[in-house]
Structure formats: structure tokens, C-alpha cells
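Provided herewith is a single structure, encoded as C-alpha cells, for subsequent inquiry.
For clarity, chains are labelled A, B, C and D in written order, and residue numbers in each chain start from 1.
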Amino acid sequence: MVNAIITPHGHLDVLSKSEIAELHRSSNNVYQTLFRNCALAVLSTGANSDDGHELLAAHSDFDIEVMSSARGVKLKLINAPANAFVGGSIIAGIRNHLFAVLRDIVFLQDQVEVWEQRGETITDMVFKTLRNARALKPRKRPNMIVCWGGHSINKTEYDYTKEVGYRLGLRELDICTGCGIGAMKGPMKGAAIAHAKQRISDPRYIGITEPGIIASEAPNAVVNELIIMPDIEKRLEAFVRMGHGIVVFPGGAGTAEEILYILGVMLHEKNRGVTLPLVFTGPAESRAYFDQMDAFIGATIGPDAQSLYRIVIDDPIEVANHMARQMKKVYKNRRALDDAFFYNWSLTIDESFQHEFIPSHANMAALNLKKDQPAAHLAADLRRAFSGIVAGNIKPNGIDAIAKNGPYQLDGDQEIMSALDALLASFVEQRRMKLSGEYTPCYRLK
Amino acid sequence: MVNAIITPHGHLDVLSKSEIAELHRSSNNVYQTLFRNCALAVLSTGANSDDGHELLAAHSDFDIEVMSSARGVKLKLINAPANAFVGGSIIAGIRNHLFAVLRDIVFLQDQVEVWEQRGETITDMVFKTLRNARALKPRKRPNMIVCWGGHSINKTEYDYTKEVGYRLGLRELDICTGCGIGAMKGPMKGAAIAHAKQRISDPRYIGITEPGIIASEAPNAVVNELIIMPDIEKRLEAFVRMGHGIVVFPGGAGTAEEILYILGVMLHEKNRGVTLPLVFTGPAESRAYFDQMDAFIGATIGPDAQSLYRIVIDDPIEVANHMARQMKKVYKNRRALDDAFFYNWSLTIDESFQHEFIPSHANMAALNLKKDQPAAHLAADLRRAFSGIVAGNIKPNGIDAIAKNGPYQLDGDQEIMSALDALLASFVEQRRMKLSGEYTPCYRLK
Amino acid sequence: MVNAIITPHGHLDVLSKSEIAELHRSSNNVYQTLFRNCALAVLSTGANSDDGHELLAAHSDFDIEVMSSARGVKLKLINAPANAFVGGSIIAGIRNHLFAVLRDIVFLQDQVEVWEQRGETITDMVFKTLRNARALKPRKRPNMIVCWGGHSINKTEYDYTKEVGYRLGLRELDICTGCGIGAMKGPMKGAAIAHAKQRISDPRYIGITEPGIIASEAPNAVVNELIIMPDIEKRLEAFVRMGHGIVVFPGGAGTAEEILYILGVMLHEKNRGVTLPLVFTGPAESRAYFDQMDAFIGATIGPDAQSLYRIVIDDPIEVANHMARQMKKVYKNRRALDDAFFYNWSLTIDESFQHEFIPSHANMAALNLKKDQPAAHLAADLRRAFSGIVAGNIKPNGIDAIAKNGPYQLDGDQEIMSALDALLASFVEQRRMKLSGEYTPCYRLK
Amino acid sequence: MVNAIITPHGHLDVLSKSEIAELHRSSNNVYQTLFRNCALAVLSTGANSDDGHELLAAHSDFDIEVMSSARGVKLKLINAPANAFVGGSIIAGIRNHLFAVLRDIVFLQDQVEVWEQRGETITDMVFKTLRNARALKPRKRPNMIVCWGGHSINKTEYDYTKEVGYRLGLRELDICTGCGIGAMKGPMKGAAIAHAKQRISDPRYIGITEPGIIASEAPNAVVNELIIMPDIEKRLEAFVRMGHGIVVFPGGAGTAEEILYILGVMLHEKNRGVTLPLVFTGPAESRAYFDQMDAFIGATIGPDAQSLYRIVIDDPIEVANHMARQMKKVYKNRRALDDAFFYNWSLTIDESFQHEFIPSHANMAALNLKKDQPAAHLAADLRRAFSGIVAGNIKPNGIDAIAKNGPYQLDGDQEIMSALDALLASFVEQRRMKLSGEYTPCYRLK
């Protein structure tokens, strides 16, 4: 355990006296627990566990304080995990992640309240959060590939994600993921090697997370831009507005949530003219996974959704070549729409995908999983269903709620429920729900 | 005359769609005239006149528009002065100044309203305005010398300001002035040569102006950071919070206003522990000027104020050596006070120096120019008196008011009034009130 | 296969017309084969084989030409391995390696002849070769760790080298190796991850090779500074003059050569005051290797040599901490000796370690492997013996000579010969002599 | 007077031990006087005198020593002029100039001897000297304007050279001159202001001098790249091979020498296809100067030569626009000729313009100033005549020779001699020969 005082680099060191005082106050009150827990997650990078409870329990004596003076802000760490330090100094990348937490959890969430009072749109809030994180870079051509997929994947799949990342990196494409392990780490590691070979001096490995999952999915060490969005919906919007292409690897409930999100969004008729390439890919051994996912999509939101993605099995070079080619189309599309390269304003996102979904037992039971509605609406509620299952699996709040009230109840059309049943059963069987130990489902299908 | 479309560099190119729309709206409504006139002033750099009316009249067909799209903001110029362009492209420095105007006049003044609603202090507003202009640089040692003095000075005096700037620059000190000509330009020119000799790659020539005077005192071409503060009082506060030392050259009513401001502020007992070196200097020929100024100060706010500055005649090297030595003291003082180097939070500024003074005839007549009050209070009202005289001399609003209502009436103690009379008469005689033509006083002393 | 024309970046693009003409001439005559083969090795990075013959045979139709014009030099590639290209463009790192080959093989070796005529010392030639490669960086504190060890090591050992590299990198130390695979690649890979975590923007991964081995030990992809020294002795001198500390991992004959080289040099009495930390390290499973190596050193050149190194088993953090501490001693030592940080002029290297040793059968047979001589002399001849064995194992010339004349004959004192026999037998048994296939010894001990 | 020890920045800090030893030896023997005198000139920047004798006499106790150690080279200054220092530290630009002198006078001239032994061409020597000074920048488009003209020009002419420099600088053109005062300083000062306005971060102000004139024409302070060529002929070749365009202002014998040089070179029939724009320009008041120069050229080397330049009177913008347009032609021409942008290899320079001319009385008397020879030959000898007159006017050796042997004797065709007489008389009359005092001609025309 280490005690230390840390000084920031970046724009937090030009705060006004009242901002610093407010930061001090907030971090000690409103956001105290959230800030402490996220900071702990960041300091524990490399500790492999997807159970946030475990981490918190193991470091119950950890604490963090914001120190204020006219000279600027500093962080005081008490009983911090020793592996974040070398020779008495904090590792530079971890220091940066720590100040990203301060910036996004304490400083920014105060702002969010102001924005809400002013009635700003969620799209504007996402924009301002990303801008505040200096993540929007003008005058850079489209090259940001969002990679989605599970944290709990097997060795073959992990190696495959690295290889895809490597091939993307050789083509000078950057990587953005959800910033945990598994499919969120592999593409970054692969790309990092390729970027080094291509002598790229400013590669971007963006990790976008949210307070609910950061404790169970700590940012991997390759991430050089960490962004903590206020909730899962804003995180999903950040992915699709910053990304210029999306690659989906095998995964569990979280990946299914992401797939339903992007398909639901792209089904909006106003988005027909928007170019956003989407590829599902995995090694030969994972072919069945995508067959099943494709069948589930066909059986629920239908063939229009199936036409929105391409499935590539066991061919990292083709994935990378496809994305490299598509980047040119994205470039032309943005210019044609007179849109920025760094933020996809043209994409219309329905409110049903923007507002926070609290996975209470009542909200879960109330989801409309029936076919007598537009496909995009069904996608929205299916997305919520998977979001709830993720919460029940790994988020501290969700786990507690399940422990108290038993599994979530989900109901809907026969056809949809059986497709859902088959998909979830396969996730369990393929061990995609949890890193280790036996998995007890947090849901019950009627 | 040239028509052109200009694209910004800097942080204005990461605006949200709603910010751009708001910018477009504001620039076409609330701030239209102000924005247009300031832009015209910037585009006319190099045109020598201190009569804002003249400039505006000469370019009555000039116009500027903010163009908006999701891709970002652009400026459309119609009938712009041709000398701002070379080979069809706008000169890079002028482009930067133009976007500084947009940033500070349109974008920021919208913010100022929000700040005012929220009840932020003026000191915080000044801080945020400077931060928004990227003028606050952390981790840089004290080296910013504010140079005050007249726009209408003679050749000997102008050459002297250049020489002082040269000697300051050789000691790696940066320059901040009010950004017009005369004593506001000379020190920058001199420092620029010295910085080149010292191979300094990022010298700073900060020009701080305000909407009322920019038209008559266009930013000189050496300025590489242009900042437009909302009013004269915030401009003065910006000088003394950013500067680490102040050099005063000969000048007229504006310079007298600045001297009374800093003396009034420094007389505050809470500022006794704050180090802020202050030097009055000029060539041998200008010795009488400082004798008279010193006498005026002694006769009005008294000997305590006289102890706050040092007068150095005809010795640029001593001025520079003194400032170089003092910078070390400022460094220690800031550390002792746990204060930032880039913003002097420790300085207490009384509200009487912070609130905007509107020089109406009534307000001018109501000034309390009597000795039966604390010296700092008298300094505050004397400062306002000179501020009004500057307005009556060169600001469009002031000139119009004088034309309509005749000269301002000032009244007070006999001793003060005769000291004031002597000082103002000498300004007129020495041609410090106006660049050319006969000067008609805009005031009458009772 | 790919045909392409490649343009250099760096100082080869400021050659005079006559230099370009000379380059063109040399590359087509004197150095043609050497240049072609080294270029092929560089283009084949990632192909795993330690048999140079194989590589050459597989690409018999590859060719490379220097194209000349007043505008500068270009390279024309014919039938180049396709894996060096992405999307029709050569990978930037490989391009850099290619021009390093041109610089060091063609351009520089011409210079070497001139230096030899002028009677320059070998130490000066090594200096100038490194300077020409821009490898000598003034004003940088000692932090260059040379890592030696085998190309054919097992997975446990390889992972250990990565871990040591990682721990060195976290302490902001750079890595220099012989630039092939195995222990030459692992430390660089580990350090690269650590440097990324520490946000180090200009890490150095220096690979120093020589024409005889580059074909069988192609530079790994992490190397960002490739240097080809004229012969094995100059390569060894480059290591010890540029390095500030040396870590030795398990290896075969080549590693033994390196160990005997540094011990022989450090035994020189003039080097007693020179600080150059030397650590032998490996995982727990490799303890026997170092026991045997230590015993061999004790039995041959003796206990003085044994006192020059430290053996650390299974403790990467201790290795890294030791080196980090020693860097401070090296810093002080260089200052005390008034020596440069970037080149260890103070180190005295006896001519017996500097002159090229041609491992003909006659020269090998003539080696003096007896104890009746100073330890440093014995170390010199033992070094030559291992150098010959490396040649017989992997260098095209050596392999051909063995094929023609049978194994080298080595003779000496009974005690030395049996120590040598035991060591070599263990190398064979541990499969350290060759990547794959059965190993047939290229030597016979009398 | 100041004593100080100075450390270099740049490539002199990576010298080998033997190079440093050699530098030490040379600077104390062969080049001692030359090195000392040039160093003194550099340290005296700003002292206005064109009499080298004066400067040397005023600082007879100044000395400079090269100090050597394995750590690198340092300079020890004894009794150096105090104005080169501020606050005890040498001004950075002067330090750079000082090490340029060391680099070019001591280090390089040793090299020149080697080159001469190897039989390198003068063109290659010029190239290597410039490369050693890091003056050849690849991948930069043509934009280097060479400005020639007198050191002794009147205020109107000087202001005009500044204005031309300003207009060139606004068009992002760099400046190269002979690095003294007058027409060699004005264009740089003007360009520096324009480059600052255009926010150009790496402007080039190249000063090319030679040991014979540096003492009387110290590099002005704006020069940020100082190059000392071995003799006047190599200096002239450096100008025309590095420059992309040439502007000639009014001047005296030195300017006439330069004009005859470039005209003689361009008359070579092999240079017909080489684009090198040449403009003669001055204020309206100097029209007579160019009329006379044009008449002299017509009367001596003839109308072909007259067609090689354009005369522009009193129009700085036209000069700059012309050069900006011509830069595009130079770009195309270089590409068409497959030539480098940074060195004009295509230009053929006859040996009569390359070999050093020693202006002894015998050599001057032997010049062939007759019309019965090709124009280029006549230009070559006329160039030599003016070169001798410059030496007699300002170079220490020349002044001494004249003092001892009386004026040079020149003889030739009647027509040529009277044209020469008229031209020289006008130089004397217009005070172009000498900064101050009465001018006594150093020549006699028969």
C-alpha cells in the first residue's frame, strides 16, 4: 500500500479558485463514493476480476482526497495499491487515468446538472463531455474503429481480436473500445504493435466507460485516452458518434446490448444516408456464435437489420481492408452531409435509445418484447433487456438487487422469448457471462 | 476591398451544433454592431488613427457574417480592407486576431451573462475569460511585464519604449500591453528583436483591449495573443492579475487612469504582502513628465502611494535589470502565498475598482474628488475621472455624448482640482491627448 | 511478391551527386551481394528461421537497386516479400530498416576504407559509425541497458526476458540488443509496453547487428534504430561503449562469446575505475544454466572474472531495481572521469578484442586455450572459439566451410577443454544451438 | 570585458576524441588568428564599422581557446566584448554564431584539405560545407531569395530594402544575404516582421560570409544561420546554388562583383534551361544607379547579359509578386531537370568563376579587360577586378597591400575602361565605397 500526492497535467491545472473549492466540496460529498471507487479501479489496472465487489472489498482502507489551493488541484492517495507505483512514483499512464476520473466524475458531472437545467439535448451533452476530455480532434480524417465484444472470451478469440487490431493498426486506423479486458483489450494491443511498426507517433487508444462498470472492467493499460460517460446510454452514443466504423467480436449480454443499440439506431429512416460500416467477426471456431446472433436478429427485429452488417469469419486482413476502404466512403459521406469528421451529428438517435434505463425489477418486467411494433422500438426494449442482464451480472447495484429480489422477469411473444432463451443459454454454455466460477442466471424468461 | 471566407484554427473549431447556431444568431443580432466594428479594427491593423469614427466611416460597406454548419464555424468577409490579404489569402496573424474577436465578443459575452446570473465574482469572470483565451499557462515562471503608456508619444519616447522592450526581451521577459500603437507597440517591437536574438521560440506579446477602444487603438501587428475584455475595469484587472511586473511610460489620460488604478489597488492593506514591482520610466527629455505625475500623486492620494513605485530616468538597462531581479522575488512571493504563477489570486481588488463606470455627465459630476476619505477611495474616483476623459477623447460613445451635452463637469477640493488642472494642461500642451489636430478638452474643472 | 520504389527519410536524402553516384556504383559492384542479402533479411522480418541459407534460397529472384539522380537516392525493389507491404505501401519501420542497411552497408563501408587508410583507431571507427547512424544522443542521462542472450530459448525463458524488459521499461530504461528473436526481442517487447504505460514519447529499441548474422537473425519489428556494424568485433565494441549496463539471459555459443568478451575487457586493469553493471539472470528453471556458466568461468578465466557479475535468479524486479540504482553510479562515474554519457571512451579495450577474427579451420586450430597466460588473453581466445562456433552454426560462410572441411578442431589444456566440453554439451542438450531440427556440432574438441 | 566558458548546442557536441584533440590543436596553431578574428567579429555584432583593422585594434587583448575533453568541446573566452552578454550569460544567437565560426573555420577547413587531396570538385566542396552547416533542407519547396547590395547605402535605400524584405516575407519567402549591414540587413529585418505576422515558426535568415570580410561586415543579429565559406568564390557559388531567386539592391564594388558573377554564370550556354529569376530594384531616388549599371553591362558584356535581369523601380510589391510567381517556375524547372530543391546542381559554373582570385598587384594588372573574348570570359575578369577593389577597400590584407604598393593598376579596351571609370566614379560620388570618412581609391585605371 502506498500513500502519495499526485499533481495533474492537462487542463485541470487551470481551474479557478471557486472551481477548485467546488471540486473539493463535491468530491467529499456528492460524488465521494463514486469517485473513490472509480479511482480505485483505475489504480488496480491489471488486477483480473469482473466482480466489482471483490475489488472494493480488497481495498476497504483505500481513500482519495482532492486537495485545493490557489496553485491548483492535487490528489492525495491513502493506501493505494502498490502496483500503480514504480520507485515511489505513480506510473504516468495511471496518473492520467486518475485525473480523467476526477475530470469526468467530479468536475463534469457537476456541469451535467447545469446542462440538464438548461435543457440541453443529450447529444449536446455527449459532445461537451467528449470535448471536455479533449477527445474531439479537428482536421483528422476518419480512422476511428470502435471494437465491441466480450470481456470473457477464450484464448483463440482473444488472439483473433489482437490480430484484427494488428491489421487495422497497419492501415493506420485507431481503436476505441469499452476499456476493459478481452475483446476490449486485444484490438488495442494488436494495433499498438502495428502502429509502432508504422512509426505512428500519436496513436489513439480510447477507452469509454461509465461509473457502473469501471470497477468490474478497469481500463486496460494500453488505453491512452480514458473517458467516463455519465451512464450507459451516453457511453453508447459516444461510441457511435465518435467512431467511423464498428467491429463486433464475440461476447455476452453486453455485446448483445451494443449490437441491438446500433441496429436499432441505424434502422431509423433518417439514417439511411449515413455511412457507418459494421462488421461482425471472429475466428473459425466462433462461427456458430455469429450464426446464432444472426438468427436471433432475423427472428426478432428482422431482415432489414440483418442487411446492416457484414459477417467475416476468420479473416482479419479482410476485416481491415474492408474498414480501410470504408473510411474513404465515410470521408465522402461526411463531406456530402457537411458534417464534422470528429462527431457524427448526422446520425439521428431516437430518445428511446438516449434516456437512462434503470434496470429495476419493475422496469425489466415492463419491457415490451413483442413483434407488433416497429423493429426499432423492439430493438430498443431488447437492448434494455440485455442492459439489465449486464447489470445483474457485474454491476454492484444490479448484483445487490438480484440478491434481494431474485432474478428479473422478462416476458414477450413466444417467438422472441424462445430466440432470447436460445441466445442466453448459449452465452452461459460458452462461458461468456462471467470470467470464472459457476454462472447463476440473473433473469427468468416466462 | 476583398470578399473572403475564413476558417478558424484553435478551439472555436470544436463547437457544438447549438453553440454554432447561437453564435450565428448572436452575431447577427445582439452583438452585430460590436462584432463588426471590432473585426474591422482588426482588419485595419496598421492604419494610424485614434479616431474610431474615421475608421468606421471609411468602411461603411464592410460586413462580416458567421456561417454555421455541423462542420464548424466560418467567417464571411464582405468588402474587407485589402491590406489584410496577401496573394488572396488573409495574413495569418490577422486571421488569429479576427477569431479572437469572435471568441471574446460573441461567444464569450454570451457566457458572461450566464456567469452574472450565477453570481460569479468579477475576479472569477476575468479568470475564465483569460482561460477561454488560452492565456493562462501553467508551469511557467513569472516573466510577464505589463507596459503602460500613451498611444500619442513623441519619437524620442517611442524609441525609448523600444529600447526598454529590447532590454526586457534580452532577459527573456514577455510583454503585455493595451495593444494599440505608441507605448503599447514599442516595447513589443523591441522585445521581439531581443527574443529573436535569444532564440526564444514561444515569445508572448499579449494585447488586452476592450470593445470601446479597439476601434481607435487597433491591435498592433506584433501582438500574438489578442484578448478583448468586456469592459475597461475587467481589462485593468486582467493586466494586474496576469502581469508579474508593471512598467509605465509617459502617456495621457489613459495612462493616468492606469496609474491611479494600480496605486489604488496596492494601497489596500491586504495587498501589503503581495509583490508587484512598479516602475515609471522614460527618456531624459521626459523627466518633467514624471516629476509632474509624482507631484500630482503626492498632492492627491499622498506619500504612501508614492512609495509604491520607482522612477527610473533614461536607463533602460536598469529598468530591465530591476524587473529581472524582481521576477525572482515574485516567484518566491507566489510560492509563499501558495498562489498560481499565471494568475495573481492573492491580490485583493476592492469593488470600487471592479464595477463598470459609465462616464455619463451625471456620473462624472457626482465623482467625489475630496481629501476627506481614504486614499484608496480617492484614487478610485480619480481613476474614474480619467476614464471618463479617455471616453470623451477617443471612444465613439463618449465623443457623441460630449458633442451633445458639452464637456464633463468635475468638481472637488481646491488642492486636488488645481493638481488635476496642472496635470491635464500639461497633457494637452505635450500633445498626449490626441494623435493629430487641435485638442478641445472634453472636461471642465470647477 | 511486390515491386516498388522507396524514398528515404533521414540524412541519406542530402547526398552529393558524387556520393549518390558512388553509392550506385558500389551497390552494383563491391557490396552488391551483401547489400541484397541484408535488405532481404530486413524485408523478411517476422519469418522465423535461423538458417540464412533458407531465406536466401526462398527468394532467389529478389533484387534491389539503388537509383540515383540529383534529387536524391531511391531504392528499387524487385520481387520483395509481400508481407513488408500494406495496401501497396511499405511498412514505415521496414523502410527505415532498409535505409539503415543502405547507410551502413554501402555508404558507410566505403568510408571505413578511407578511415583505415588514414589509420584511425577501431574505437574511433565504431564511434563514427554510430554517429553516422545518429545513435549518439548528447545531453541524455545514462539509461541504455544492453540485453544479451540466445535466439533459441524456451517459452519460459522468453516470457522471463519480456518481464525483465517490462520492469526495466517501467523505470524508464531503454533497451539495446543484437536485434534478432528470442532474448533479443523479448526485452524490447516488454519495455515497449512499459514505456507506453509511462507515456514515454521517444523510447529507444536499438538493434546492433552485422552482415554475417543479419540474414539468420533478422531485426525484430520493435527495433526502431537498426545499426549494422562492419564485423562482430565492432558490434561487440558498439554494445559496450553505448550501453550503460548489461543484462545477460540464457543463450548458446553467441551468448558465451559475449560473456567472454565483456569479462575479458573488464579484466583489463585500466578498467578498474569504470562502472559497468553486469547481471546474469533467468527464470527459476534456468538456474542450472547459470550455475554451469559460472562454473565454466571459474574453471577457465578464474575468480577475478566471477567477481565482475551478479547472478539474479527469477527476480525481474530486482534486476530492474539494481540497474536503476546502478544508472546513478554510472552517471557519477562518467562525470568523475569527464567522459561522455553517450559513448564510454574511458573503457580500455585491448586489440586482441578489437581485430576481426576470421574463423578459418587454421585460425580455430591455432587458438591458445591454455592457462599459462593472463586471464584476459585466455578470455580473448575463448571468445574467438565461441565466435567460430557461432559462424559454423548459422553464418552462411561458416556453414559452407564446415560442409567442405569438416568440424573445427579445438585444442588446449585438459581442464579448459573439459569445461568447454561440458558447456557445449549442455548447450546442445538444452537446444540452444539451433531453432529446430537435429544439431550436428561444427567443432571437435581434442 | 567578460571571461566565460561556452558550451555548444548542435552537432559539434558529438565529436570523437581525436576530432576534439585535432580541433584543439588546429585552433591553437594553423587557424588561430583566423578563428580569433572571426570570433571577435561575431561577438561584436552591432558595432558599426567597415574597417576590420579598427575592430581588431580595439580588442587586442581578446582571446579564445578550444577546451577539449571526452565529454565534448567548449570555448573559453577571455576579454570578450561585454555587449555579447546579458546577466552573465552569452546571448543565445551569438553563441550559435560563435560555434558556426568554430564549425566552419576550424573543423571544416581541416576537412577542405582532405577534400582537395581527394580531388573533389569545388561544387562538391560547397555542397558538403553547406550540408555540414545543416543548411540543406530536403522536402522544402523553393522559397529562398538571395538579396545582394551595398553595406553603405543611404536611409531611403535602406528603408526600401526593408520594405522589399517585408513584402517577400508576407509571401512566405526566406532571405539569404552576405550577412553584414545595409542591404544585407534590411531585407531580413523586413522579412522578420512579415514572418511574425504570418506566424511562420521556422523562418530562415541565412548569412553567408567568408573569413576576409567577416571582420568588417559582422553578421547582423537577425541572421539565424551563419555560414562561413572558405573564400569569396565559394561564397558566391553557395549563394547561387542555394538561392531560388536573386534580388539586387544598390551597392558598390562588392555588388558589382556579384552582378558580374551571376551574369557571367548565366551566360554559359548550358544554363539556358535553368530558371533563376534576377531582379535589380531600388527606390525612385536610385533610378540613376540602375541606369548606370545597366549601361555599364550593355557597354561591356553586352545585350545578352542585359536580357537576364529585370529592373523594377520603386515597387516592392511587384518585386515580391514577381518572385512569388517565379518560385512556381523554379519548382517546375527543378522537377523537369530532376534536380534537388535545396541545391541547384543543374547550374554549370565555369572554372574561371570557381577558383580563388588573389588580388595581388600583379594579378590585378594581368586581368584581360578587352572585348575580343567571349562575354562570359570578360565577365569573369571584370568580376575579379571588382573583387580586388573590395579587398583594397575593406579587407585587412588588401588594405595593407595598397598601403605598401600603391593603388592597383587596371588596363583594357578604351570603351571598357571608360565605362568602368564612370561606374567607379559614381560609386565614390554616391558614397558607396565606405561607411564614413573620405574615400581614397585603391585602383588606377590606365
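The working rule: contacts are C-beta pairs under 8 Å (C-beta built on N, C-alpha and C of every residue); 3 or more make two chains touch, one makes a residue touch a chain.
Because the structure is predicted, anything quoted here is derived from the model rather than measured.
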item: Per Cα centroids, the chain farthest from chain C; value: B
item: Distance between the centres, which are taken as Cα means, of chain D and chain B, whole angstrom; value: 44
item: Separation of mean Cα positions, chain D and chain A [Å, integer]; value: 64
item: Touching pairs - complete list by chain label; value: A-B, A-C, B-D, C-D
item: List of chain B residues in touch with chain D within their complex; value: 86-87, 91-94, 96, 170-171, 192-193, 196-201, 221-222, 224, 321, 324
item: Chain D-touching residues of chain C, taken from the complex the two chains share; value: 13-14, 16-18, 69-72, 120-121, 124, 127-128, 131, 136, 138-139, 337-340, 342, 345-346
